[in-house]
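The following pair of complexes shares a single chain, chain A, combined with chain B in the former and chain C in the latter.
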Partner chain A sequence: MTQSLAPRLLGAKVKRVEDPRFLLGKARYIDDMVRPGMLHAAFLRSPIPHGNVRSVDVGPALAMERVRAALTGRDIATKVKPIVCDSTFEGFKSSNYHAIALDKVRYVGEALAIVAADTRYIAEDAIEMIEFDIDELGPVASIAAATREGAPLLHEHWGDNFFIEDLLEAGDVESAFRDAHGVFEINVSNQRHSGIPLETRGVIAEFDSDGVLTMWSATQIPHMVRTGMADCLEVPEHKIRVIAPDVGGGFGPKGHLFPEELAVCQLAIETGRPIKWIEDRREHMLSTFHAREHYHRVKVAYTEEGVVTALDATIEVDCGAYSIYPWTAAMDVEMGLVMLPGPYKIRNFRCEAQSVATNKCPFGAYRGVARTAVCFSIERIMDQVANKVGLDPVEVRRRNLIRSDEFPYMSITGMEYDSGSLIESLDKVCDEADYKAMRQFQEEARSEGRMVGIGVSVFTEQTAPPADKGLPLNFSWDAATVRMDPSGKVVVQVGTHSHGQGHETTLAQIVADELELPLADVRIAFGDTESTPNGIGTFASRSAVVAGSASYLAAVSVKENLTERAAHLLEASVEDVEVKAGRISVKGAPEQSVSIAEVARISYHHPELLDPSMEPLLEAVATYNAGPGTYANSAQIALIEVDAETGKFKILRYLVVEDCGQMINPTIVDGQVHGGIAQGLGGALFEELIYDDEGQLLTTTFLDYLMPGATDIPNIEVSHLVTPSAFVPNGIKGMGEGGAVAPGAVLACAIEDAIKPIGEVFVDRTPLTPERVVRFIEAASSGGGVE
Partner chain B sequence: MKPARFEYLAPTSVEEAVSLLVEGGEDAKLLAGGQSLVPLMNLRLAQPSVLIDLNKVEGISSITESEDAVVIGSMARHRAVAESEVVRRFLPLLAESAGHIGYPAIRARGTIGGSIAHADPVSEFPCACLCLHAEFVLTGPAGTRQVRAEDFFVSYLTTALSPDEILTEVRFPKPSPGLGWGFLELARKTGDFALAAVAATVALSPDGTCSEASIAVAGGGDRPLRMVEAETMLKGNQGDDVIARAATAAATSSNPPSDIHSSGDFRRQMIEVLTRRVLTAAWGNARRGE
Partner chain C sequence: MAETYIVKTEVNGKRYQGRAEARTTLADFLRDQLNLTGTHLGCEHGVCGACTILMEGRSIRSCLMFAVQADGKSLETIEGLAESDGTLHPIQEAFSKHHALQCGFCTPGFLMTIIEYLAEGGEADEETIRQRLSGNLCRCTGYQGIVKAVGEVAARSGSAPTSG
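Moving on to the complex of A and B:
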């Protein structure tokens, strides 16, 4: 692997090449597309959370004018297999997730029928005409309801409502607790919410006379979706083409195979007409997979110096009705289980984890899977330890963090942290904040009767993880093709997908550097299974690492080919030529040179001038496997001022130090941090998907589900450390999710700190609504706030 | 989220609109800014068979001043109200309240008439109108009648408007010079619907005591509420103590609902806090009468 002689683009704040398209409204989303003869679909969704489906009669809908087709669960039962996604962990219980509910409905919003009509308006009129009969069963709307004696069973043959129960034990927990200076327990929860992309889901399916099924879908993972479709539909994988055009935000929720995709495809197959379905916002709230709902109970052992020696934990996740493809209903618990110790050197660990099935929307991926919850728990623990031993929250963290010289570090749960700068990040964020001055400001404010608090958090960010354990497929790799055309310009085709992350810029930076070409000569293509190598997709902060490295490796091999050909044309040996600034020349004799464009032209159009052993094609495919994944890390500090009477608080400062190794493009890194923090604050302050005890979702519009707006997000001060990955080419680490991980933990810490002069409280949950904050303040003043 | 079928009509005069409304019967609905009605239609919670668009009706969107009143046409946009010179001069409380309604896009479309006719109990305008003693001009087949804000709001989304009437004007008596005022609200996030909002005006006697007070609360029940008991307590008095007692009285007179954003208890608690702060602010900017 030759290093670029003069890295021009890697690490530069290059403007995003895709921005003009998006900013000028020229992007093309699913809903912008019209196919000849296209029909519009709408779904009838169950208003009942749990029940046996006795009948669904689409007759009255089909009798309406301009209604063209309708399908029920029965209609497709023999043709579309249910989505089954089993964890390979022992004891995992399988669920059948039908594209359209067959015998049973298990959550409000589950599809009961699909209708296609000439317009969406008519389709929605038709939906209202469908008659159905459901025998209601008792709703199971919470973990408590699912686990109590005699609870109704979602999947009867299971015998209980657990997808999986797991236990991990390492070290000597018993002795650690026996020898502890102090022991306490925390009980915390994170509320159900999810990623809310501006563009909802959308699908167009078309089945042609050759039996080829083309599906346009707003998905993050076109290749994996194709595999899932082939598993469920009667169309073989080589006759399925999945196209993900411009996608208006993904955040994880768009990284699944959805039952609606299968239903729309089946309707296209049966009608021979292209079918479009655009999810509306209400459907999004009801049926795009939810996330985040974790309940943790953790017993903690610590020393007199404030060092945590052992954790004894229970993690419960409310996973909703079905196991989702491709992540399974074990994803959150398994990830929580191994990541709970986070950035801290905890050597004795016991954790029970349970994924519970309930009559709620299935539970899937959202930016920072499980890590938001475990960060909240472990950071709440650090703050408690700080209180108990009388240390500053920064100091207590410093005493527990893994030191830089301890990397690579094997965590007690068996995770291999490749590298990091945890203590340095914490120190740097304190420097940037001028932590001492901040504390002084707090003192002065307090003396004026103001309620000011400081919150801090440090975390490791597992990126490009292998997920080789537990999942039905291992997604540690991805692929790229670098194709040089006869003019010497390049198209890079990748298996990942960009839906806001800026890959059209960052991947081009990597390839342009390696090939010594200007950025404008490299174009990045993705999102079409027909024209990209088989790959995996975009999620888990993986694309920079896996697609970036695969693109890099493919570029390296194209460069080798170029060099060989140029050497032949220059009648020099390969060792004696070098590639620089678009030309290949003999070392020390720059006048003896050819341009890359000339070599490309000759390669394709005058191959007779090459050595017979050389092939005309200047193209290479490469895969890259990120092995155990790579770890970024971050530290965040916030300064807040609370209105003690109303519970509203202002974030006066929010600082972040991010270390994601070598940055490809610092502007894009900052953007990812900003967006992540905004989403994290959304979860910390506002966002919540609330079910009542009857299993009805109460938050189906933005009137009920609050999202942060620009005025709710503070200025975010981002700075960087650079600890390159020890093994990824160019030292790159992922960083897409980290911003979203810590805000809940930071603000919980800050609120407690603000209230401290009144009394001690324990902030055990989010969102931090005005009412909740006021109740914490009241509890503190009545002295009843600590567990 | 597509509305059910409806017929669309766009009259250009109030008379025409009224006669279409009469023809359309129970299922006809007026369309103003559409910021409350259209979402309800998209969710199919409202399914009017006829939609009568007021946007082309002439003469009902101006903001004018007479000797003793400020008159706002019902189709004046929230933003026009917030930015109007006349409103800012005579009714700063109304201008302030408009700034709390939703977001710029909502304020650019939404109308004062629509907000009042919709009568959401947490809305800013109904609360401000109540505080400022507004009167509403309603035009129907039999001509016009005037209804005081106090008599207009009946309960949740229900008003004194009869189905064949259009709210055409909102009339505010010009306040006496030196009137102190305040408007405050608490919402979970900027621009969101209020958990509670309080509007108040205070007139002071030369000795600094309160000669007249008007307090209205949004979010305190199924309609905007005048806080008569609190107002009475203030009259002839001054000082933090009486303000605090009046605030407590306002909270006690409220009966706010619980929902996913807040319990009723918390809303009541906030009504107390906001009333105290609003009265303090109003006292602060009131000038003593001679």
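Moving on to the complex of A and C:
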């Protein structure tokens, strides 16, 4: 058999082709762009969390020199429709999220006016001059405040402060609890924090004389944003072009339609001038959607062997003021509801879930939506069961995990796990860590009075999911065009967007392999709705699966066309020719061959040499639909040492086994794991968006909101298993979010374990700040709980 | 109209002259007036390090300095790091090799911090490198590739005697 001359790129550690422009300082982020005649915008933002807007007077601002325009909520009320994003679940209550607040403000940071001036400095001066009058209403700054009798209502016509209340029940929970060997309840929480990309949001809008609105925005989802803009603005969708240039990190927060995008566009429409708005860091903390704030109460039934038989749970999420586009204010509870059992075979399940409206920044997507919280809960449960039946935390997990021979596995909540290696990944991470030696090290350390703990966690990650659970649109697919030019080189246009994930390399690897071309002959283009097929965007660990597969299928199609044409030129039948290393030749007669470049040239410029049935174009569009999504999985172990006096702890080792099926590029997979874990650790250790009882955000700078630095993150030891997806072409699974999911659970387990010699304590929340760890230690030594 | 001042600087060996208001930050001056947009702004309050450049060979936060403070000073920014023929600096090469960047937004600030470190004959020891990088935030990589890249280049240049 003839071997391919070029080594396969799929699975190779290919150096990123996009690196040079970033390394040279030549990348083009939104703030690096200038348009002729461009004005600079700034927003006046409400300092009041909850109130009726009596008046906003931009007159004094407009009177200033070099201030060119301003808009208030009233000015745009008849022209810009509010963002409305309703879950399709029964009972979901709708909210009107205005581009600029109209009658009411509902969180500190909500826009009250936009001003455009010759420079950003002047625009900021001008917003200081705007006079406004707001009648304050009682602030609702927590779930407790929102749900208490007589609480002020955010959206009066609702009659309460619930976006949605839902219930899922499956199996026989009552019998399972009746027959249980033991029953206990946990009460846990994760704090509000967010993705906090280093580049803030930014928008440039321009409206031309043909009525075409072009918006450059630092977004992960240009196509979905365009649909949302057409729903709200008086510009039809075919006259809207959205361009996402280089984007300085997304992580979920940049995957929404934002009111600021609408306001900047409307100002561009009204002034006829390009308008640029670059968010500052304070605005980002106040008004780029927050995430992660979950409260779970779970009652657990388990057997003498440590097998969990039933869960009876309540999930509450503090969703802030408005339902956000396109994910709705039901996203976290609905995902939490179906994912709580995680990788474990729990067959009796009941869960109530509530999304609560509060006077806080709206709540949106962040890497691993809902999964950080449900992983924290279910892993805390496993650790408790281990304690109660006297098992090692690794062993208790082994007894509950879905076995490899049980895939495909339908979870009790209706999730279709296609494949996985849960027990194998746990075993492998124990091997890599030398778990026995680690325990021995712990014993020795304890005998010296040191507090050393080991934490473990296993999870399964739904990647490239659909949104058939209550969202107003289903995003299970994406699209790609593979376009070969007359020189035989290729541009691949995809609907997804790369903002660090390395798609310019990975997608090219897939297409270059299929077309037998060198990597350098394939260029990946994305981010412009005008030059890419309609698509969805980048989030939910989906791009490798959906854009990767769409690109692959389009390449297959182009290759078929190439083969047909070459066979005609070589006067051979299609079955008798093969494509290898840039040439198409007759099998067994390699001297009878033609290069891909020659075929492409003839195809476009001498179509008369082809069969009349053959079209000149060497181009194909394909979509790929990942249906229910494909499941990656991971197991993680950490070894930590706690300083009993200060509560600070050091992560001595952190190990990961990742199984995302066939890897496209292991270097990039490792990078995603490292980065995901760093973000997960940030949330587990100290990141927190703190509101006081009056609804004021206290953490508006990087001095109050701590981001993990190089001295906070350990080296992560990553190894791999490969369980190909059961159905995705090339066996690919997504993996971008996974790293961020487990660190909270791993560290909670490790801290409890470290404190064990002093006494039992239940680590019930993140962040695990030194202050909190000290309190856990004190509680353990006094044998009591922690508040 | 606010009063403006003439600012004369040398950036990456080239002389520039521009006008700035007293309140114009050095970062905005570089980006808006000199069109050197490789220096990025992540927080504008001196914590994230994305806007790090060198002034007279020392790293500074260009968001915390005014343009007028750079008058008569020599600056180095990311745009001056590679050779004029486009050949990457060894630390740029090492960043690519060790996948030390993802979205790239923090990268110029890191590179300038590291250039100062290497110029001082910085050690290849991981702990020291992490300490030195702790003033720059990266949200994508978890720092692992960056630390490796610095270690590799520091070890290489460490074999030659340094003035430090």
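We take it that the second predicted complex is superposed on the first by the 777 of 787 C-alpha atoms of A that agree within 3 Å, B and C clash if a C-alpha of one lies under 4 Å from a C-alpha of the other, contacts with A are read in each partner's own complex, and residues count from 1 in each chain.
Definition applied: a residue touches a chain if its C-beta (ideal position, glycine included) is under 8 Å from a C-beta of that chain, and two chains touch if they have at least 3 such contacts.
Note that this is a predicted model, so its numbers are computed, not measured.
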{"item": "Which superposed partner A:D670 touches (first chain B, second chain C, both, neither)", "value": "second"}
{"item": "Per-residue touch tally on chain A - higher for chain B or for chain C", "value": "C"}
{"item": "Touched partner set for A:D246, first chain B, second chain C, both or neither", "value": "second"}
{"item": "Contacts of A:D280 with chain B and chain C, given as first, second, both or neither", "value": "both"}
{"item": "Which superposed partner A:D427 touches (first chain B, second chain C, both, neither)", "value": "neither"}
{"item": "First (chain B), second (chain C), both or neither touched by A:E717", "value": "neither"}
{"item": "First, second, both or neither for A:Y121, with chain B first and chain C second", "value": "both"}
{"item": "Which of chain B and chain C A:K26 touches, first, second, both or neither", "value": "second"}
{"item": "Partner chain in contact with A:L703 - chain B first, chain C second, else both or neither", "value": "both"}
{"item": "Touching partner for A:D172 - first (chain B), second (chain C), both, neither", "value": "neither"}
{"item": "Shared chain A surface residues [contacts with chain B and with chain C]", "value": "121, 280-281, 701, 703, 709, 711"}
{"item": "Complex contact set, residues of chain B against chain A", "value": "1-5, 39, 43-44, 103, 186, 188-193, 195, 260-263, 266, 269-270, 273"}
{"item": "Partner chain C, residues of chain A touching it in the complex", "value": "15-16, 19-27, 29, 31-32, 65-66, 121, 195-200, 246-251, 280-281, 499-502, 667-668, 670-671, 674-679, 701-703, 707, 709-711, 713, 715-716"}
{"item": "Residue ranges of chain A touching chain B (in the complex, touch as defined)", "value": "120-121, 124-125, 128, 280-282, 645-646, 648, 685-686, 688, 690, 698-699, 701, 703-704, 706, 708-709, 711-712, 769-771, 774"}
{"item": "Contact footprint of chain A on chain C as seen in their complex", "value": "1, 21, 23-24, 31, 36-45, 47-48, 50, 77-79, 81-82, 86, 88, 92, 95-97, 99, 101-108, 111, 126, 129-131, 133-147"}
